[in-house]
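Structures follow.
Both complexes below contain chain A, partnered by chain B and then by chain C.
Moving on, here comes the complex of A and B:
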């Protein structure tokens, strides 16, 4: 019996281990799957005729004649909607006062809803904001907007607690001139908007239009590339030199111990403190730039990744077989030459692994660049401006779009697209590191 | 090889120059951390000199925009500790179990496959975790209140619990990989000795392997705490940012505000007027964070060193 309990306990323990591992894997999937699935929606989606008009109008892309022909057909299909609205507008003043009072707000909502769904009515002056010049460019959102016209969303307080209910608007307008609009929106939405599967790979490189309502994430991607490359440009030489010193030149002693523990401590500094330091030192003390700039951000990120670069380079140098070094020395090469021509080339793949991983880290970090480099306005930064201008970056703009944007829900697809792109960049860099490491392991085995 | 004395001196000088160059660059890289301490302290000092430490550490009144401003950060410290504590409580048991599983239970090949999973968890940028918390976890939590026993109404999915869960996940990779290293360092002989005495695997792990690698596991937990305490984006986006101590204090379903989120969120308003009290109080918070991370780091290093010594010297 006691043996049995012990066995059961043992099994339970093992099961606990499996559970923990499974939990971790499941969580990873829970994070990655929605981000990739919904992020793909920024690149591949069902676009409407409004999307094609927007592309032609804002980016000059697409076949002008074909879009014009399609637009003419769509306008014909939309005529009954606009006619019904106009007819109801004429009919409204003649209605009894009570009925008018009841219908007017609902009519207002319908008219505004139609403008959001299909764009401004023909013959009206064009609004100033680009987002209002076009109707819904994405079919999924168009369906939601159509539902907003068909149903009124109210709260029902009758039960326990409050519940959202959707009340159809059509019965309210039964018998009026507006009534035909509702079946049209319900059944003919396709001919009003002409949804079609659309590929938009240039989401990655297009600038955004009107605060990310349209267009892509090009300036943000470019900013992330600037920051990550800039950080590596600074951190890699420093890191490799330090690693060479630690591994090949330094003698054991209090100085070495002190320097080592400095590097270890640097690795533990919270990322937001790096941001504070970048602001206080690079910008407010050294004045590397008048305000936030790519340069200040890259310097800050370089410090952040420096310990990783040093450690991985040290490991790579330490893994170079002793025989290589001894061979070089025996052939009469000095220590300098041995390091440059034998040890570093042999350690290169390992060093590269650390560099690639650090680059992913630098690309994904947000807190250090908030005060030193990032702005939310999505403007291209040219290479000549990196020394003085701040830049948008994927990480910061993802934060900005999902918390501070005026219409967070409207641009979910852009947020997911950004998140997926950022994760993809980081994971691709990590994958590259894993592949390099596997090759190194193979080479060292032979 | 015989060299003329002039050639020899030249070589020696060159070698010395190269060596000093390497030393200079290395020191510059390593001493960056001292520069960080110095500049954070320099900008934190005016605050402590002007307002003292009493209000900062013991008052809950955080009204930096009032006239005169009030900088009581007690609630913010409490928020940081609450979120970090909860994250660690959530992450440590699965973290240690996963480490045990990878070092002792799973076959070598499977655990090699699992390593990339952990690396990916660690590689996902924190802002993406924050975005995930905001768009997936928070609505999920808000809806799930109805299904919980007692029909709890969760006012907002953006609260201390959401932040803690995500922080826990972010601390997991550190905890798993560091404790796995510690478990493996405990060595075969200990395990085989225990098996030879007739212990089951669970008994071996609990009674022999874990005690032997205890300091390594503790340092893993400390590193996890550091990771959670210093994390910014997730708490900024998902903790609700209300400078208050939840009532009762363990009520994780209320919003809190942390040190890191306050620094990140307020600096946008404060950095326009460099030198204001608001600017300096944020540096004071950064300085406290820096101190915490030093303490954790030192304690962690000390524990790792102790384990190494114990395993070596028996």
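Moving on, here comes the complex of A and C:
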């Protein structure tokens, strides 16, 4: 009987373990897969002729002659659309008043919709905003915009509550000069826009144009790199020295206990508090920079990851066999030399793992960066400006683009691209940590 | 082992020397003179203070918190625990080989060169020479000369222990302390280490702590028997094993306890 209970308990624990692992995997997939799938859309998508014109016009990339030839063909294909619009414009004043009143707002919606879809009509002056100079650069969005022309989105209040309905516009214009536009948009959209599979790896390094409507996330990636590297530059030497002190020099006693509990408390402080502290201390009290800056952000992030660096380094140092230390001391090495030549090299894998994981943390942190370093303007920060200038950063700009951007819906691909890139950077850092640990552990065991 | 019976010069000498771990007295007022150039074995059951005594000679016990000493321990006529003693210099003059082989996780070459690099600015050629000389001295040169840049952790236990010996020799010490140098090795490797001890005899003063009484009998000129922190008997090895003066020694060497 007792044997049986033990067996059942055993099975239950095993099953519980499997369940936990399965749930975690499922959750991870549920979170990561959509991010990566949608994020990939920033790098690989079906681009239109407008995309190729934009790349040529804004970045000077692409074959000028080929784009020009394609553009000429596309313009020829678009001619009937513009002719129909012009003809209807001439026709409109002659219509009866009631009919005119009925058609005018719908016509305006169509005309504006065409400008959004295909860019400004030929002969019109170029708009000021870059986003309006070109038509839809991405096929998926172009299809949506075409649908907005073909159908009017209204609300149906007839039933229980309200319901969104899409009413076709074509019947309204039956018999007018505008009528040919609708079948063209429905059937000939491809020849109007020429969709083609497009790879845009430079999304990672390109600056953004016109508030992320075009271009990439280069300044944000660079800002994140600055902040993470800067934080490590400050936190690593401090953390290792502190860990060496704790493990090799400090004598057990109330002072050490107090210092240790300080480090542990520091590890438990919410990151937003670090941000506020960084603003109050580094910027307002120490005046390390006139305002937000990469330096202030790096200092704040360094403080945030310092406990992690100290603890992982301490663990790594504590795990170095005592025999190594004794061997070095017995050969007449001083304590400092022993630390430098034997203990730290042997502890290096553990220390590196801690560093790389802390770096991932620093790269992803948002709250401290908002207070001390990040701005939403996607401006490149040169290395000489890191001491005084704020920078865009993936974490903060992701939040900014998703919540405060003027056209959140239009730039979904940038938001997902940014999220996927950030996750990828952090995952890559963690993978690096695993590889380093595995590699050096092998070296230390043989 | 004829000269063991002659009166020889003393190299290290304990005079009323005690070692305490906090309140506990691990070595009790020991008087012991380790002769110059000979092999002195220290035997005794576990916990008798023999290792503590050995590690006191080059002050390795300093690492243990709460460890302190009383009385005098002279090396070359100078008190090891005197205020002006630089432990780094002392440990350079008194090399040590530990119970478990402890090569650093570095290349074989770097292991042997570690000590010389600490203490002198040898040129590359001089350093190469020193490494070779030390490895030859530890009878390891032939086995490793083609893989000096390989990680020392790839060596077998016996090779690793000889590497540790070479590492200690490379500093050119005057005395060698060996703390149960063969207890982690198989019989074949043990035999090689023992051969080495006999070879090194005369060039270095050697003190070896061992559990193994046969080993003490095979390699040493003098043997000290420790029991519960006291030095029970110290005599020429042949005498101690054939005609012990103390009852406790006799009981121990005949295997009645230990």
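To be clear about the criterion, the second predicted complex is superposed on the first by the 417 of 446 C-alpha atoms of A that agree within 3 Å, B and C clash if a C-alpha of one lies under 4 Å from a C-alpha of the other, contacts with A are read in each partner's own complex, and residues count from 1 in each chain.
Keep in mind that, in the parts below, contacts are C-beta pairs under 8 Å (C-beta built on N, C-alpha and C of every residue); 3 or more make two chains touch, one makes a residue touch a chain.
In this text, all values refer to a predicted model and were calculated from it rather than measured experimentally.
**Q** Is A:341 in contact with chain B, with chain C, with both, or with neither (first, second, both, neither)?
**A** second
**Q** Go through the superposed model and pick first if A:333 touches only chain B, second if only chain C, both, or neither.
**A** Touch status of A:333: second partner only.
**Q** Which of the two partners, first being chain B and second being chain C, lies in contact with A:17: first, second, both, or neither?
**A** In the superposition, A:17 touches chain B alone.
**Q** What is the contact status of A:34 with respect to chain B (first) and chain C (second): first, second, both, or neither?
**A** Touch partner of A:34: chain B, not chain C.
**Q** What is the contact status of A:251 with respect to chain B (first) and chain C (second): first, second, both, or neither?
**A** second
**Q** Which partner does A:426 contact after superposing on A: first (chain B), second (chain C), both, neither?
**A** Only chain B is touched by A:426; chain C is not.
**Q** In the superposed arrangement, does chain B or chain C reach more residues of chain A?
**A** The partner that reaches more residues of chain A in the superposed model: B.
**Q** Is A:183 touching anything from chain B or chain C once the two structures are fitted on A? First, second, both or neither.
**A** neither
**Q** Intersection of chain A residues contacting chain B with those contacting chain C?
**A** Comparing the two interfaces on chain A, one with chain B and one with chain C, the shared residues are 332, 334.
**Q** Looking at the complex, which residues from chain B come into contact with chain A?
**A** Those residues of chain B that touch chain A are 1, 11, 15, 18-19, 22-23, 25-36, 39-40, 42-43, 93-95, 97-98, 100-102, 105-106, 114, 116-121, 123-132, 134-136, 153, 169, 172, 176, 200-203, 205-206, 223, 226, 229-233, 236-237, 260, 263-264, 267-268, 271, 274, 282-283, 286, 289-290, 293-294, 296-297, 301.
**Q** Name, in rising order, each residue of chain A that touches chain C in their complex.
**A** 251-252, 321, 323-334, 337, 341-342, 345-346, 443-446
**Q** Can you check the complex and tell me which residues of chain C touch chain A?
**A** Touch residues, chain C against chain A: 58, 60, 63, 65, 88-92, 95-96, 98, 100, 102-106, 114-115, 118-119, 151, 153-154, 164, 167-168, 171.
**Q** Considering the complex alone, what residue numbers of chain A touch chain B?
**A** Going through chain A, the ones touching chain B are 6-7, 9-10, 12-14, 16-21, 23-25, 27-28, 30-32, 34-35, 161, 238-239, 241-242, 244-246, 249-250, 258-266, 268-277, 279-281, 284-285, 303, 306, 310, 332, 334-336, 357, 360-361, 363-367, 370-371, 395-396, 398-399, 402-403, 412, 415, 419, 422-423, 426-427, 430, 434.
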